[in-house]
Every structure is written in structure tokens, then in C-alpha cells.
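Got some structures for you, see below.
Shared between the two complexes below is chain A, which has chain B as its partner in the first and chain C in the second.
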Partner chain A sequence: MAADNGGKKVAAPALAPLARKAAVVLRSIWARGEGRFALVVLALWLAVSLISLVWTPQSLWSTDGYHVWQGPTAAHWLGTDGTGSDVLSWLMAGARTNLLIAVLAVALAGVLGMALTAAMVSRSATVSGVSAVLVDALISIPTVLIALILAVPMGASVAVIVIACGIGYGLNLARIARPQALLAANSGYVDSALANGASWFSVLVRHIMPNTMPTMTVQLSLSAGTAVLAESGLTYLGVGVPSGVPSWGHSLATSVKFIDVYPLTVLWPGLIVTVVVVALNVFGDVLRDAVDPVANPALREVA
Partner chain B sequence: MRRFIIERLALFIGALAGISVVIFAALRILPGDVATVMAGLNSPPDKVARIRAQMGLDRPLVLQYGDWMGGLLRGDFGKSLLTGRSVTSTVAMRASITFPLIVMGLVVALAVGLSLGVAATLATRPAARSCFHFFGIVGGSIPALWGGLLLILLFSRGTGLIGLFPSQGFPQRGWHDTGAALLSLVLPALTVGIIDGASLMRYTRSALADLLSSGYLDQAMACGYTRRQAVLRVGLRLAMPQLVSVVGLMFAGMVTGVMVIENLFALPGIGYGLVTDLGNRDLIAVQSELFMLAAFFLAMGFVVDVLHRLLDPRLKSSLEGGR
Partner chain C sequence: MAIEVSGLSVDIGGRPIVSDVAMGVADGERVGLVGSSGSGKSMIAKALLGLLPRQASASGSARLGGTEVIGADETTLAGLRGRYVGVVFQNPGSSLNPVLSVGRQIELPLKLHYDLDAGDRHERVMAMMRKVGLDASLAGRYPHELSGGQQQRVGIATALITSPRLIIADEPTTALDSITQRQIVDLLVSLVDGAGASMLFITHDFSVLARATSRCYVLDRGRIVDSGQTAGLLASPQVAQSRRLVEAARKLTLGGPDMETL
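Take a look at the complex of A and B:
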């Protein structure tokens, strides 16, 4: 037991406060009605994605030529599509594709955003100037256009959505985080750390980046919502998720054809996307207050 | 101010050149090229090679790029490889549908966004405030495709509950049939307008809320304005530079933002056409169309930045000292 503790102590000082802070933040989010809604929806999303890997009500590939464009029945709770596939099963399986896309796009945006922010506060005037100019110039190119340019050589694929969203949101992230990073980079504590012999890299990691974290996390949460929306649009345009891969965009695009046959089935895929995107947006809003030590007194007590 | 414009213009031109290289490169690493498509599947390789030579696709890449750029500088965007029509005239025809659509969408967005944003700032009853909050969040979270579908289900002739507007296609005679053309754009414009209006409302509300806590409006109210007058007369004027930026970028974003809507409502606009050309592997057309779109967005970014400076005197004076 004692030896165990001794072994853990090495990592403990760095990680324990962070974990405790995360717990406080989650509890503050849960304490608000809106935050509770967001957490429940996001947890459901994760749960359904995992369940769909091992079980869906019907096999994705079982088609039933005698029961196409059906309304809800006991066997097919949300009806069937034009090939007789089960709508509910495809929606469940779509959850995991969208989760993957959102996570990867946000990760790429986060890495790119942090790298650009670091470059923009660099001590070298060339690096900071060039990166600032790059961000300013490219920020007005919309994600859809990046996706279309990428789709020309790459064809329809998950990678197109992830890379396009990652670049678009990463640029946006850098632009939004820049003022805070500059403020920190010009602060007295950074000067004193440098004067005491700290390297620029360690100052960047320990003092500058942490200052941008609240903005970054909030912005990334909002970006996850936009990524889900982008998936549905790009897939409908034929440059997103390739046909045959379940995704909400695929279900939504299929549901367009329902409109004359069974209008109520049109509601489900769009409703799910809307609820998930609302949850991600609300999560971002509530997170903004929860990670702000000024607005959230509980956080001050941990640190 | 002049220095800012010159710097920003240089940036615009540099970015344009960079984007042109990216687009050109993206199109050359295309797996199946247009020659294969034109020759037909499983056609003998020498036939494909002949077509490729005819279209100049076998020449060195640098020469091809030079030709393309030279043409662009003379205002010649090339001809579609499939139809032989000049890209400029095709895009102009498509723009005659897309631009009226986004202008109508923007009018809806401004009407919805500004009025609700101001109303949400002025609202004092908790119930009203949460209603506005709800609309702001949900309105911006609806996939455009689904929003369009819902409007079709509600208001389209044929399938809708209340058949008011057509939902498929643009009249054969185009704008000569003005009434029908306008009617066919109503549902698509409402779709984009409401979705973008919700986000404009959030921007308006947060810009006004920042101002309410900044002291400017307190000052106005101390001078005898009511809260409503202070927000409408002083608040909106102060929030204008920010809102012009948002609206400008929103207008630009709508060109690609309406792609899904154009496809759903079968309107042969810029987005619809680009997706079609992409599917046909129409190399020259796609290349010039992508470039035109990129140029348009970069130009809008430039205009918005300059307008922002012009509208906000504080930035103008702080700029005299350089960056």
C-alpha cells in the first residue's frame, strides 16, 4: 500500500489538480438545467455509438424488397427506406460515424489552432508576421469550399470532412485565441520566467497556452456542433461520407426521398442532428461559465 | 488608413495567387481525368491519349498553369470541356439565380436577426427572455437540409400542409417569368434566412449586451434617453462596425451555404452547378469556378475589413501609429 502511494506520487502533483478541476467543472455544468440536458444527450450519443458497434435492431445490410418506404411497424420502429433497410438501425450506426468525425475534426482543429497561436506569439517577427497574415487571408474561405477543393482529388470520404473542418475551425480558433495569447506573452510573469532562464518553449507550454485554454475548449465544443452540421451538408452534396457508410447525413439525404411517401419519417434524422447540435452548443455556453474562475467561485477553491 | 488598405490589398493578391496554385494542384492529382470520361469507359488508351492531347492535358504542368493564369488575367476563364460553353457565361447564368436568392435570404436574416436581437436585449420578462434564448440556440442548430424539408412539408404546393409556394426548380423562361421566378425562391430564401437570422440574433444580442455593461448606454440614459431609446439610437450605432463584419461574412458564406438548399429545391445556381461539374470531372470548369469562388470570398474579406475600419473611428486613429 505504502509502496503503491510512493509510486503514484511522481505523476500525482501534475495530474491531480487538473482532474479535480475537471470534476468541479463537470459538477457546475450538471448543476444547471441546460447543462444537465447537454450532458445527458452527449452521454446518450456516446452510448448509442458504442452499442451500435455490437448490436442494432436489424442488420444494416438486410434489405427487404417487400417492405420499402414503410411507416413505423413492430419490426421497424421508424420504418424502412427505399431498399427496405431499417431506418432506426442506420440512425444508430450513424451515431458512431458522426462521433468519429466530430472527435477527429475537433482534435485536428485543436492541434492546428494551438500551433498557429504559438506561431503568432513567437519571438521571431517573421514567424509571427507570416502566421498572422496566413490566418487573416485564409479565414474568409468557407469550410465547404475547402471540402470541395479536397474532394476533387480525394473523392467522397470521411477524411475530406475531417480535414476541411479541421483547417477551417483551426484557423478560426487561432484568430479567437490570439488576443489572449498576446496578452499573456507580453505579461510580467512571462518576462520574469524568461529572465530566470526558462526556455521559450516551456514558457509557451506553462504560461501562455493555459491562458488560452478556456476560450479554446469553449470554441472547440461549438466546432463539434458545426462539424456535425457540416457532415450532413457535405454528405448530401456527395463529397462527404461515401455511400454505404452509415451517418446522419446519409440518413438525412435518404429521408429527402421519403417526402412524398411517408412524410413523418423525414422528421427523425434531422431531429436527432438538431438535438445533438443544440446539446453541443449549450455545452459550449455552459462550459464558458464553468471554466471561468471569475464566474464560477467553486473553481477558485480548487486552485 | 491608406497604408492599411495597401497592406490588405497585397495580402489579398498574395492569397489569391496561393489559392490558385492549391486549386490547380488539387485538380492535377485527380485519379480519373476528363479525357477518360469523354472517351467512355473501357475505351482504348490511344483514344484517351488523343483526346488528352487535343485538350492540351499532356503538356507540362507549368505551361498549363501559365496558360490558365494568363487567361484569368485577360478575363478569360476558359471553356467547359464537356459543353464547350465559356465558363464565364455559365457562371453568370447561375449567379443570376444564386445572387437574388442570397439577397432575399439576407433580407430575411436581417429582419429576423436584428429585430429579435434588439427585442431579446430589451425583454425583461424571464419567459420572453428564455423564448428568445431558445430560438437563438435551436435556430442555429438546424441542418439547412432539414429546415428546407420542414418548410416543404408545411408550405409547398403538392406535398405541403398549406400549399403556397412551388418547391422544385426554377421557371423555364428564367427571369422573364418574374413572378414565378420570385415565388420559386421564397421557400429557399426563408430557409437560409431563418437559420442565419438565428445566429445574427445571437451576435446582435451579445454585442448589445456588451455595450449595456460598458457605460456608453448608461451615459445615454443619464442624458435622459429611455433604455429602449439608448439601445436603439446609441447601442445599434456603436454595434454597427461589428455587425457589418458579421453580415458581410454571412453574405459571402451564403454563396456556399445555399449549395445544399439549391440542390434540395433543384435551383440551377452556382452551388448546384459546381457539384454537377465536379461529378462530370469537368476539369477547366471546376478549376475556374473554384477560383472564382475563392476570389469572391477573399474579396469580401478585404471589403469587410476595410469597411470595419471606416465605420469604427477608434480603429482608424489607433492605426496611425502602425500595427
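Take a look at the complex of A and C:
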């Protein structure tokens, strides 16, 4: 009956409070020292990615065979690599590739993870049983192996990293969110919602998923960090970003062989990856505290 | 809305929980269902709403306002739940969603059953909150910021916002202290009577029952063992099970002489 129309109709009038809520969440994150660090790093990452689309200090493709493996100079602030290209320019351009990979991998993991979580708390014993077994079975396949298998038909590409990470982290997300989703599914407030005539779908959207959000936000931002690391690893193995496409993994892979001779060239991409991964992990923690109304009284609405 | 139950039995995995129960609530009447823990009270409420656990099976007949609910399809049941039948639950703390503000929880049944715009819904939520004695400023709060009594007021507001014709109150005061219990019962009674709805009040506590209902059924091990006027049963219980419940209520609320023997 009328019970089913609830799922879609919430979006339009809920937009304004949502924007206000986002502002409150951002302010709560900023109020903490580690939150400020995470926000600054992530904002810089985004800014550099956008800037690199229109400007880099040097062209990525201007090579100089006479000045390879240079240390920092006025023309090349972070020196040059093995082809004489500007290291800073490549790192700036790499930021956008890594940002794209992290965002897409997290989006895919989020969608897959939530779909699997929803299936695992389904009221049909068959659906919940089969999906739980499926997740447990598939989670034993390492992400690297998924990437290697995908690389056979697809070759080295950004898509391989995104799909492999999306599947791997999505399965992980589902496994971690399941206990919390089950707890919510068997809770008094779900009983109460059902007694009020809510459909299972609306219960899922309004009650079960929002109550798994603290786990999901932490897990997804950890996944974003792991996606940055995975990009480096997979690119080094030759199944990640193809050569010629700028990425931090690419910068690492081309310089790491010469770490004994030119350690400084390896330092920069390594440093960036480390700082970004730490920022993402910290961000997950502060975000969880900021979006949980039990932990964050600032979320209280002004009625 | 009237309830007519006859020959209702509920089994869980072959174990009988409720056996051959017959009872009735007339239009606008407040009737109690009293029994000790595990007597099957809540199972009867769940059967009336079609929300029995998956492994349970029900037989017999239960009609809400003339509609048979035992074996009814989801559409029939979803149309009754929340729209014509409101439910107040035992533990107000756990029956409220911790991450949804109080105002939005009260609003949800309206969203499900009525086609109103956000402004109208907001007005009705505010009016309902006034009715149950909650300050309008609490609408933006989350459940954990409220006291137990306030939480149960939210539960009552949620159950009554759609102006249902029947209220099923499943131990609505058990988790509250005795002063708050009295306030909540009085509030429920005045709201139910004000709306001209009927109420099935489920409890194990005779002292609460006397305030809330005129007539009651006593349930023991899934069977109705006694029934009659609440005041009469409370004054001179005839059946052994009723006597035990009445004695327990007297000892607890009236502070009987031998608390140690409890």
C-alpha cells in the first residue's frame, strides 16, 4: 500500500538540512587538531589535482638527457628523474590519477558493500545465508590476485586497480558492517518501524543503513588509503597504471630501483603517499566521531 | 476499532506458546491482558500485527475491525499497521532509532501513510509533541539525550500521530519508575479516550492495569485463565494465577510487610 512510496520521496525536502548537517560535520572535524591535519592534506590533494589539469611547473614530456637524476634546482624544485623530466610536475599530475582511483574504488566498494550488507540481513533465509557464505568465500581471494586476473584480459590500466580494489574492499566492508547491520535489523526500533507499517526496503534505508554508518565511514576512508597504497604496489608489479600515465606509484616504480644511488628521488613520492594515507586514516576516525549523533552533540538540530 | 480473537494458537518450532485464546475488545474500550513473564502476552500482540518471528506459526482467528489478520498477506497487514493500529513498545530506549532525531521518528508514520507536504507534517508533529507533553525544542534532539519518560512520550507520539483506531500497548511502563509509570499511563488513557480509539494494554503489573483498563484477561502459560472487571479482579481474585499476580502487585506498590519473601 502506501508503505512503499517512502523510499524515494525523502530526497527533495531533505536537501537543505543535509547541507546544514555537512557544514556541522566539517566544523566538528576542523575543531580537532588531527581533523585539521586530515582536512588540509585532503584539500591540498584535491587542489593540486585540479591545478595539474591546467598547469604544471614543467611539461610532463620535456625530457633532458643531459640533466637526469638531478637534485633540487631553481628550475626543478624536486629535481629530475631518469629521463630528465621534472619530478614535481609528475607528482602533481600523479595526484589526480590517484585521487580518481581512490574516489572510484571507494564508490565501487561502498555500493558493493552496502548491497551485500543488505542481502546478508535480508529476511529471506536463503538470500541472507547464500550471501554470507559468498562473502566469506570471496574474501579469501587477495586483492592483488583479483588485479592479476583482471590484468590478463584488460592489460595494465586504471580500471584494473579500481575494480580490484572496489571488489576487495567492498567484500571487506560487507563483512565488517554485517554484525552491526544484524544488530540493527533485530533491534527494537526496526520492530517499531515494521509495526508502524514500514516496508522492509524503507526499514533498510531509514534505520539499518544509517546505523552502520560509523563502521562504514571508518572502513571506507581506510579503503581510500589502501587504494593509494595498492596503486603503488600494482603499478610496481606492472598491472596498475600503464607507463606514460602519471601517478605516485609510477614515480615510485621508476625511481625505486635506483634508491641506493639517488635516494632523494624516491623520497618525494614515498613521502606524499605516506602523508596522504595517514591523513585518510585519521580522517576516517574523526569523520566517524563527527557523523555519530551520540558522540557529537553539535549535530543536534535547531528546531 | 474492535478486536475479536477466537481459537488463536501460536507455535514456535512445534512448542505451543499461545493455546486456544479467545478474547475481545469493543470499539472505544480499554482492555488489559495481564500475565507473568513468558506467558505469551507479547506473542499475542505480535500475532495481531502479523509480525510473528519467522519460525512461528499461528492458527485460529483474529479480526481487527472485521479484517482477518491470521494468514493475511503483507499488503493487508501493512495497511493496518501504523495507519489503523498504533503500537507502544516496552523499552522506549531501544525502540527509538539512535541516529534519528526525535522529531523525524515521530514524523515517519505520517510519511508512510499520508500524502502531506513537509510543512503540514511538521505542524502535526509539533501538535502531537505538545499533546504528549514534550517541549517543541526537543524535536531536534536524539533519543539518548532524553529521559526514559520523555522517550516513552516519543513512543506514544509515534504510535498516535496517524490517529489510529486501536492502540496496542505492550508493557509500555515496565522500563519506567513508578511515578513516571503513572504519568505515562494517565497520558495514554487520556489520549486514547480523547481520540475515541480502543486499547489493548499488555502488562504483568496489576497496579498499572487498574489505572489503564476497565476489563482484563489473565494469561497463564499461553491460556486465558481468568477474565472480568479489572477493579473486581484486583479486589478479590478468585483464580490462583490471578491471586498470585495481584499479590505481587500489592507487595511491590503497596509495600507489603514481607518484602524478603519475594
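Note that the second predicted complex is superposed on the first by the 278 of 303 C-alpha atoms of A that agree within 3 Å, B and C clash if a C-alpha of one lies under 4 Å from a C-alpha of the other, contacts with A are read in each partner's own complex, and residues count from 1 in each chain.
As a working rule, contacts are C-beta pairs under 8 Å (C-beta built on N, C-alpha and C of every residue); 3 or more make two chains touch, one makes a residue touch a chain.
Owing to the predicted nature of the structure, the values given are computational and were not obtained by experimental measurement.
Using the contact criterion defined above for the overlaid structures, shared-chain residue A:Ser187 touches chain C, although it does not reach chain B. In the superposition on chain A, contact of A:Val294 is made with chain C only, not with chain B.
In the superposition on chain A, A:Val277 contacts chain B only, with no contact to chain C. By the document's definition of touching, of the two partners only chain C reaches A:Met213; chain B does not. In the superposition on chain A, A:Ala125 makes contact with chain C only, while chain B stays out of contact range. Of the two partner chains placed around the shared chain by superposition, chain C is the only one that A:Gly197 touches, whereas chain B remains out of contact. Interface residues of chain B facing chain A in the complex, by the touch rule stated above, are 11-12, 14-15, 18-19, 22-23, 26-27, 29-31, 137-138, 140-147, 149-150, 152-153, 159, 249, 252-253, 256-257, 259-260, 263-264, 271, 274-275, 278-279, 286, 290, 293-294, 297-298, 300-301, 304. On the chain A side of its complex with chain B, the touching residues are 133, 136-142, 144-145, 148-153, 155, 225, 229, 232-233, 236-239, 252-253, 255-256, 259-260, 263, 266, 269-271, 273-274, 277-278, 281-282, 285. Partner chain C is touched in their complex by these residues of chain A: 1-3, 6, 9-10, 13, 123, 125, 187-189, 191-199, 202, 206-207, 210-211, 213, 292-294, 297, 299-303.
Those residues of chain C that touch chain A in the complex are listed here as 49, 51, 54, 75, 78-83, 85-87, 89, 91, 94-101, 103, 108-109, 111-115, 117-118, 136-142, 144-145, 155, 158-159.
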